[in-house]
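By written order: A, B and C. Residues from 1 in each chain.
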């Protein structure tokens, strides 16, 4: 294989845009990219455990088809580019586990809309990534398939629930991956692994085929190593889907077209409460540096108030478990999923299939949700939480009357050790304090790398009004032009 | 503890989750903590606040009444462990 | 029923809506398919799938609302009713709870004494039907078929204003007629398209507060509704008179044993944990939509009945039967449209020979072997004296047997009535000559013998002589010495 150029040995370092260009220029083939990455994935699994399923044969076959199409000058936007899907997306005739014993042997009979759209855009699915069980967790430790390591330090958690996707992108195993974000499950792990995570506006990307955790909060998004790649991926994923009643029928703008716009005059909101006690001082310093850099590009920093911010975590931990408790009821051991052996009666079949098939955190959330919806508690918890949600949403609306984006920290601290927070659910839940608001209000938000603390990445979060994805991507891209944080890679995976 | 063992057992039954005794003790502890934590919502004044069920103010779209699905039973039933004559099986239900 | 007890009944009717596809999926609603061949991923509650609401289900619910004079809610919300049961694949039923699509409305029925009674409808809401569990034929298992899962249902809830089993049946029948009129349900009770739960309680006559009620589940024939309610009322009265107490519970009517019994499977603490379904958005109905539905509202049974009485001068009882189904009323009106000289004659034939033939062959009016136009063609021949009513019966049977139009049959069989006076006179002469004794008796005052002579003449003419003329000529000839 003497023909292997220097470039091909560096394929894993390239992002989507760069790979797409190289493919079109004939510098390397899709098969070369896929083979290279497959080798890296296999080598990384013992330390990272970022994949649950690797679809090597299918990916290689697809790469050959892509190469043929490219050779003929055809091929859609993402033709021949390998990506990974969080194992929450149904993939036809491929194992779809959602990180759970419940779906250990579940082969989805259909493709999620996200999967279908990315395939139509030419992307090649290389595998399915590890995640917290049913996306319930912030550390990828609740996965039935074991925790995922953080490529910056494998003793640390990559965050979660999209921990496998961010680890794979950070470790240069794939240029991009899909994720889902219900309370921060894309942005928090992106921040903890130095990757770019984008959660679009609720309804921007179809939820069809994405196994539901909390339906009014769940949103699919992207994990990449640059804003430009996020724009490319989102371009293919976004858009109206008639199979999802909550999908929005609004045209999708050309996200790449506006990346180059100047930040001159951009009004950036700074939330006073974001810098209250609880935020690590050094993280605060990195975030403030990033804000100053935005300012240096002509953006003005304006203080805004989110008076109900402290309600977002308790509100979330009523609304999300309530919806979850109902969404999880379909897993009963009858039509799919784990089924208990030799049940004595129907009750036993239900209770044991679910008791044995679900892990501890999922059970806790189902029970919390069952409790807050049950007779006598509905008004006090669920209805009250829906009202608090409205207050939080109103706060954002008022803020966006004054500013174009809100910028601040994504997480209170850098990556934490695996096992550190598993004993106390509340501590774990509070890790989502900055991210949850965007889910409650349905706003687009992204996390981009903005420096390091003790050699661990720190994320800057940008939140925009509904459908302002292009603005967030523009802002992130302009920031990336000034810094190289997003180009830093973990030493072991450079 | 804001929740009792009996309450937690009742919730587990409603949710059809078998919980071992040891697990139950832990659940009482952790669920109580969660409930205590979310209890702070009670103090929030919310008179005249409309409950928010959806992040976007949209209305339900209606689908034309057309049959678009074809029979794909065999494919769909590959994930089921116990079947007979095209039926899913459960332990006999006595009414 | 014991006179000191008052019976209070409320009905929850479940009418399957006659859509082609399911309420939230594109699977067919056709009845009778092989198990689970019409259960798509959405109906099966597969992970990741989502519901999208069927336009027709909404239109039909709105149609129903307007027909009973209800408010069609400008905004209604789907909620999840959470409970575990094998025929409920998602572990929740999508239904409407706090904000149903139809609010209020009334239905006019006849009470036990035949007087008009207005029954108030509380609400009607859209929901999805469950699948079916079969408990026989699967050894120690129950078999689950989810073809029915997701079929749209309109649940129509009445106020507890019905005061006897008969009244409950009258209400149910009236609703049954109405939904079929509106074309929103096929009302097929055998297939479960139209069924009800009955909430039954008793209280001492004069007592204000309601007694404890029981819910009788899944009554799917008019006969069973009446029997089940009567049996349950008896049980409750006996229980109370023996010093016992009625427990609020769900009961099942066993038609084989003719008894009701507690459904233990439904009895463990039901806590449905209703909450708005986050997968579905509020349904908003505009004034324009309601106007469009109103425009297409068909004439309703009560109005049609009243019109038949005035326009066609029908007896109330006949009008009621003719309007009991829209298809029958349409058939009748089609006969009148083709031949309107005597609408009562049309009614007599539709309700008489035609209905008898349909019954005999087990056919529905839309399957009638004689079209409304053909029947009208025959009625014309009766009216214009080409044939008698009696011959008409034979002509009708021949038409039913496929022997062609009335005129073809009359020609082919030579059934044309004899109206030629001289021809009839000669037959009459023959008959009188052959029966001199009877003729003498008649003249002696035995008037009733006229029937004997008419019979003889008709027999001799093979039924073709015009009966009016025969009578007249006989009387004339017999009274001549």
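Observations on the structure shown:
The rule is simple: a contact is a pair of C-beta atoms (placed from the backbone, for glycine too) under 8 Å apart; a residue touches a chain by one contact, two chains touch by 3 or more.
Here the structure is a predicted model, which means the values were calculated and not measured.
Farthest from subunit A, judged by the mean position of CA atoms in each chain, is C. Counting C-beta pairs in contact across A-C and across A-B gives the higher total for A-B.
Separating the centre of subunit B from that of subunit C, both taken as means of CA atoms, is a distance of 41 Å.
Rounded to whole angstrom, the centroid-to-centroid distance between subunit A and subunit C, based on C-alpha atoms, equals 57 Å. Remark: subunit A and subunit B have CA centroids separated by 24 Å (rounded to whole angstrom). Multi-chain contact residues of subunit A (touching two or more other chains) are listed as 106, 109, 216, 242, 245-246, 325, 329, 332, 334-336, 346, 350, 370, 374. Multi-chain contact residues of subunit C, defined as those touching 2 or more other chains: 41, 44, 46, 52-53, 84, 86, 144, 271, 273, 278, 280-281.
Within subunit B, contacts with two or more other chains are made by residues 14, 16, 53-54, 58, 60-61, 63, 72, 76-77, 82, 88, 90-93.
Residues of subunit A touching subunit B in their complex: 105-107, 109, 201-203, 216-217, 242, 245-246, 248-249, 308, 311, 313-315, 317-318, 325, 329, 332-337, 339, 343-352, 354-356, 358, 360, 363-364, 366-368, 370-372, 374, 380-381, 383-391, 393, 424-426, 429, 439-443, 466. Every residue of subunit B that touches subunit A in the complex is listed here, in rising order: 3, 8, 11-19, 23, 27, 30-31, 33-35, 37-42, 44, 46, 49-56, 58, 60-61, 63, 72, 75-82, 88, 90-93. Residues of subunit C touching subunit B in their complex: 19-21, 25-28, 34-41, 44, 46, 52-58, 77-78, 84, 86, 133-135, 138, 140-146, 252, 263-265, 269, 271, 273, 276, 278, 280-284. Of all residues in subunit A, those touching subunit C in their complex are 89-90, 96, 98, 103, 106, 108-110, 112, 207-212, 214-216, 242-246, 322-323, 325-326, 328-332, 334-336, 346, 350, 370, 373-375, 378, 382. Residues 10, 14, 16, 53-54, 58-69, 71-73, 76-77, 82, 84-95 of subunit B are the ones that touch subunit C when the two sit in their complex.
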